[in-house]
Every structure is written in structure tokens, then in C-alpha cells.
Amino acid sequence: MRTALGLVLIAALMAPLVPLALWSVARGWFFPQILPATWTLEPWMRAFAPRSDIPGALLTTTLIALAAAGLALALGIPAGRALGLYRFRGKALVELALLAPVIVPGIAVGLGVHGVFLRLGLTNSALGVVLVHLVPTLPYVIFVMSGVFANYDAEAEAQARSLGARPLQVLWHVMLPAIAPGVMVAGLFAFLVSWSQYILTLTIGGGRVVTLPLLLYAQAGAGRNDQAGVLAMLSLAPGLVILALVARQLSGRGMTFGGTR
Amino acid sequence: MIGRGHPWLSLAPALGVTAVLFGGGLVLGLMGSFGMGRGGFTFDAWSAVLSEGRVWRSLGLSLWIAFASTALACVIGLGAALLLRRRFPGQGLARLLFQINLTIPHAVGALGILWLLSQSGFLARLSAGTGLIDGPAGFPALTQDRYAIGIIAHYVWKEVPFIGLILLANMQSLGDDPEAAARSLGASPFAAMRLVLLPLLRPALIRAGAIVFAFSFGAWEVPVLLGQSAPTALPVLAWQRFTDPDLAARPEAMALAMLIALVSALLIRAAFAGRS
Amino acid sequence: MTRLTLENLQLRHPGAERPALDALSLDVADGEMVALLGPSGCGKTTALRVIAGLIGPDAGEVRFDGASVGHLPPERREAVLVFQSGQLFAHMDVATNVGFGLRMQRRPKREIAARVAEALAQVQLGDLGHRRPHELSGGQRQRVALARALVLKPGLLLLDEPLSSLDAHLRTEMRALIRRLQRETGITTLVVTHDQEEAAVLGDRVALMLGGRIHQIGAGAALWNRPADLDVARFFGGCNFIPGRSSDGAFDGPLGQLTLPEGAPEGEGCLTLRPEAIEPGDGENAVTLRVIETRFEGLLTRITAEVAGLRLEALMRAGAARGAVPGQDVRWRLPREALWVLPGV
């Protein structure tokens, strides 16, 4: 019984990916053909041909995601440390303020930010997009890192100081190695969040900054389903890589939201 | 050094960026809805928006989508978590697919659902192949339909793994002892689950549900692809106004965006209840 | 009230090297309280879970009053397991917790209320019915857990380390409470513990479990003074083992001839003697030894001495130990009644 339900679940989970994958290796696949009439790698060849928009979008998306993740880490690690290790008045409020962007939809923020970015010349630019991507990525990093630091034994630092280590040495030799796995998880997921963004990129980028999700819809809308299929497959790639990298750290505990703390 | 103290230096950069980008974005949106970017303070945009039937229909549609998606995702997600917590052939694969699903961008998933459920999509072709229907029109309209079935299907598909993994993590840390204690006191397996396990899972389920509700209410990329053009979901309506060549529509777009923010604000309490 | 029989229970946890239960057999008489004693990891909690029906054994039988219960799920067995942590249901108040089992039996509300009140009074928590578990102290929580089980008047009560999460002073109180309740209700009880003192106080009989098997079961001081094998002896702190041969009431070994008590087994064996039984002085079974070390251990002083390549340890009170100086000789008496021979070791 469990097995039967399990199979249904597995089938349902894989189902929407099937047409996406099939279109990426098809030439002309129309109703009522269940499987493509012609199997071909042509869509992939065309996707990476000189005149294609796809390599550019791939590069843009990757660079923006790397930048956003990097910035989010730089800001979020110290904040996570503060929240994970300290008790102080107003902490609940600070936590709320820093994590609230998780709950508030991007469009509510993007439209307002647009005006200011326009005046600052940040619209239609990758830099502007990176900055606005901070809104959804930063809370994520803070959440993961505050969990990491809550489990962090700060006494190890005191021990190192007692053995003669200077603050920077303590940072490098004691804290960073201990939090490194958590940093990797936080950074990779921040990358994914930025990678998947749509409305914020569209609002601030003005359609000039073309990331994979934008190109995906554009190609699908223009009826170029095969290219859309390729784009879909490309969009899935980092997620799979990240999962493989992070699998060891998460080891079955899945997402940490929801409080085992 | 650690414990009590004021780590404001560590918090300042993150707080600053959040205040400027997030807080600033919201405040500017609010100001924009009062027409303040163009001189003056007026309720025009708000009164126009609140008296427009189309807006209320969009709001109603978005609420319907959010309620239906959240309810279904919670129920199915709970069922999936209960299913996946015991060993059976396929358990590992199912858990892996759950994790993979989490990494799939919503845009990709929405397109996949479109190509799966549309009248000329994969399921329709399977039906035609088995002789159940004659042509595309024979397949029910599951996308761009008035009940937003396609949209809801996408959110359920994407959020069941999210909720499922959270509940599985919680169940793992609770262990089997609570239900075992109940069973030793005479409770059937079902009674033990219902009376002991579920109450223990409730807080996490509520938090996850709030997040799912907020997202399915306020996301743009899913209804723009899978939804009808009228009535359309609230975020899509807001975007339409924002990109309207008539700049007078901008404040209305901001007002709609603020409506969306308001609904999510109401959910904040549920989303963060009982943390720390 | 139920008679419990365990017959040759066998269980290996998946991926474990050694079995958790290795041909485990035990008989607990109707109305008796047996303490199942053993170090952590010896399988005692696993045994309780098998009896409660939460895990199935790989082989062997569990019988209540002679009838096999292997096919019964936990909710249909007449046994209630009280977990080490108490496992109170956090979202229910104390009264609802205690009444849980009765609710599962679909008893009428009035009966439940009455019996819950009675059970809470029995554990002296009469007016705490409306509190929530997190508002209670550790000791109170344990008592609620007990009441929750007792209210069902089960045939068999299984207690998993009921005192280990409590502070020392609470433990004595709770021990007395458990003892009293068991005597009053006459419920057949199996208590699992790693604490020797606890086992001795609580159990009508003590069963020592090592490596998934029961090595010895007996009343009172039997396990201490008359261990069945070396493992049992060592578990209870026995440290004097003298190899040799027993015949005609005398033991021949490196210490010469020692007189044995009546009824000692004959043949090759190992003589054992508890350290606290050794007395300084002359007389029957007296030996001269060279003191190696003395160590103050609080109530008693431990003296290690050597003769003929054999080390003996004695535990004596301060006064008696004064004569022992490292490097010098002492004369010790090994009282006949304290000698015990482990045959064939």
C-alpha cells in the first residue's frame, strides 16, 4: 500500500519535468504525438550557436547569482552570528525585521524600489539586479547562519585566546572552519534563490538584463518550445549540483525552517 | 564576549541593507500609491482601486488560489511525510525527488505544468492515445481556466515537497517515543498519530502554511503563465498597471502592490509564531 | 495481575554487530517487582520494548499468564510501558494526560474523572490536574507518568529507568513511592535500571543482564555475595579472584589452604571474596600480605596488598585501615562465610 502510494507520488513529482525534457531533444512535437516524432540534439546545438541568446543569459544569471550570494554571505554571516550567539533586548524584533522579506512577495518591494533605482541609474543594469536580489537572499543566509551559530561552541574561541591566539587568528583557525559547512549551505541556497528570481529581475532589469527565467518565458511565448526545453534543463542544472554538494551537510534533515531549535 | 551584549556592529550592515532595500521599497511603494512621487498627496489611486470591480475580482481570485493551494499542499504534504517516514521500496527515490523539487525555479515548474496539463499537453496526448478523447477540445481546460486549476496544481506540486520535508525533519527529531507511549497506553496507531503526533507538528505546519500562502498569493510568474487574462491574479494586475503606458496608472499599481504586502503582513505572525 | 514469561528472546538491531537480546529468558511471578539491572547498552530497554509490543523479536516468546502475546499490538497488550523521559503529552494538561488510556478504552467521562482524581491522589499530585507538563518539575512529571499508567490498573507495569533523570534527593523519595505503590496495588512490575542501589531497594528479586542475557537472578544480597559467574562478580565490584581447587570443604591455591563454608562446590574453580568482607587480624583463613597502596575513598579506604604474586583488595573503615602502610606487611582474615567459589572458572 505504501509502495503504491509512493509510486504515485514519484510519478506526480516527475510528471511536469517530462515534457520539458522531451522538448529539449525534439524537432516538432505536436498533438497528438505522445513522444517526439524526431529525436535530435539540434535544440542544444542551436542553443549554443553564436547567434543564440542562451549563453549570454546563462552567463548573466550565473554572475548575478554569484554576486548576490557573495554579498548576502558578507552581510548575513555577521548578522547570523549576532542572532545565534547573543541574547539582547529587541532581538525578536530584529529577527522579525531581517526575516520578514521571506514572507513579503517580491512585487510589493520591487515596484517601490524601482523609482529610487531609476533616479540612481541602477535600473536596466546588472548591478541593480544584484542589489535587489539581496532582498530575498539575505534573509535566507541569516536564517541558516543563525542556526549554525546557535549550535556553535563559542567557548572554543575563548580556549584559543587562552592559548595565545590573536582575534584574527581565532577567526581564521577556529571560527571559519567550524562554520564552513553552514556557510556553504547558506551560500549555495542564496545562489539558488537568485538564480530562480523573476519579477525582481524583470522590474529592475527592465527586460534588458536577461536571465534564464526571463528568456525561458520569452522563448516559450514565441513558440520556440525546443529552446524553452533546453533553457528549462539548463535552469535545473545548478539545483542538482548544489543538492549533491549539500547532501552531506543536510543528511536527511531536509529544510531547517520549521524549527528543530 | 558571548552571551549578553549588544552585537550591533555585526547586525548593522544586514539591518542597514534590509532597511534601505526592503523597508525603503515598501515605504516608497506606499508613498507612490499616494501619488507622492509626482507632487502632492492624494487618495485618488486608492479610491480608484478600491472601487473597481476588477480589483476585487482579482483579489478574490488570488485569495482563492492561496487558500486552495495552501490547504491542499498542507494536507497532501502531511500525508506524504507520513508516507515517507517509514521504509518501503522507493522511499529513497521519493525523498530525493522531494529535495530536487525544492531546487526547481517556479518559472520552470510553471512551464512544465503548462505543457503537462494544457489541452494539447502531455496528459491530453496520453488521453488521446488511449482513446479517451478525440481532440484537444475533448480534454478539460485545466490551464487558463476560471478555477485556476493549473495555477493551484503548480503550487501544490512545488509546495508539497517543501512542507513534506519540514514535517519529516520535525518527525525525525520527535522520534517514535511520543506515539509509542500513546500506543502502550492503549491507543491505536491512527489515534496515536491523530492525538499525539499531529498536535506536536502543528506549529511547524502553521509556519510552513503561512509561507506557502504568502507565496501563492503574491507570486507573479505562475499566474502570468498559467492563468486567465480576466480575472487575473492580483500580482499580474499590479504589473499590468505598472507597465501601462499611461503613467497615471503607476500609483494604482503601487496601491495594488501595497494590498499584496498587507495580506502578507497579516501572515507574519503565523509565520514566525513560536520561534526562539 | 499477570505472570510474565520471556522465553529465549532473540533480537538483533539492523546493522548491529552483536544481538541486543541473546536467548533472554525470565519469569516474573504475579504481583512481583523484579529489577532488571545492567550497564547501558546491555539490551534492557530493548527487552522492555519487546514485552510492550513496540518491537517484535527475531525469535522467542513473550507470554502473559502463559498465553503468547506475540501477535498482539501494543495497544492490546495488558502491559504499559513508562518511558524514561515520562513522555507526557505536552499539549494536554495533567488530568487529560492521566486519563488518556481510559479515553482510549472509551470509558464514560465521569468514570474517567473519578479514576484520574484517585490516581493523582495516589501519587500526591491531587490538585495539579489543570497544570501543563512544562509547568511541572522533573519529579512531578515522573509522578504524572506513573499515575497515567497506574490508573489503567494494567496487568504488567514496565518502568524504564524511572529515576535516572531525577536529582539524588528526589530519587530516594521516588523510590519509596514506587515501592509503596507497587505493594499497594500488587501490579506485576519490571523495573529497568543501571543503578545497583536502586535495583536492590526496588526489586523483590534482581536480575542482572549483560550482553543481552540474564546472568543471574536472585533476591536480596544473593548477586552481591554469591555471584554466578565472573561477569556478575565484576559488575558488583568484586575484585578478589583466587584460582585453585576446592575439595572437602577446603580451597587449595596460591594462598595455601583456606576453609570454605558448607555446601561449596567441588573441583577446579575461582574463589571470590568481596573487598569489604576482609578483616584485619588473625584467626581462621588468615594470610600475610605486603601492602602496595592505600587509597582514601571517602567512607572507606581501599587497600591493595600482594602475596604470592596475587593481588587482593580490601575496603575497610578508617580505624581498621590504620595499620596498613605501603611497603609493610599486614595480616588479614578472610572470613569463611564470605568466601564463594565459582566452579570451573
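Of note:
Each chain carries a letter (A, B and C) given by its place in the written order, and its residues are counted from 1.
One rule holds in what follows: contacts are C-beta pairs under 8 Å (C-beta built on N, C-alpha and C of every residue); 3 or more make two chains touch, one makes a residue touch a chain.
The shown structure was predicted, so the numbers you read here are calculated from the model rather than taken from an experiment.
Counting steps between touching chains, the shortest path from chain A to chain C takes 2. Among the pairs B-C and A-B, the greater number of C-beta contacts is found at A-B. Note: centroid distance chain B to chain C, computed from Cα atoms, is 56 Å.
Between the CA-based centres of chain A and chain B the separation comes to 17 Å, rounded to the whole angstrom. Residues 1-7, 9-11, 13-15, 17-19, 21-32, 37, 80, 83-84, 86, 88-91, 93-95, 97-109, 111-116, 120-122, 124-126, 128-129, 135-136, 154, 157, 161-162, 165-170, 172-173, 203-204, 207-208, 210-211, 214-215, 217-221, 224-225, 235, 238-239, 242, 253-254, 257-258, 260-261, 264-265, 267-268, 271-272, 274-276 of chain B are the ones touching chain A in the complex. Of all residues in chain A, those touching chain B in their complex are 2-3, 5-7, 9-10, 12-20, 23, 30-34, 74-76, 78-79, 81-83, 85-88, 91-92, 94-113, 115-116, 131-132, 134-135, 138-139, 142, 154-155, 157-158, 192, 195-196, 198-199, 203, 212-213, 216-217, 220, 225, 228, 232, 235-236, 238-240, 242-243, 247, 252-261. Put simply, chain C touches chain B in their complex at residues 49, 52-54, 73-75, 79-81, 83, 85, 87, 89-91, 100-101, 104-105, 148-149, 152.
Chain B makes touch with chain C in their complex at residues 177-178, 180-189, 191, 195-196, 199-200.
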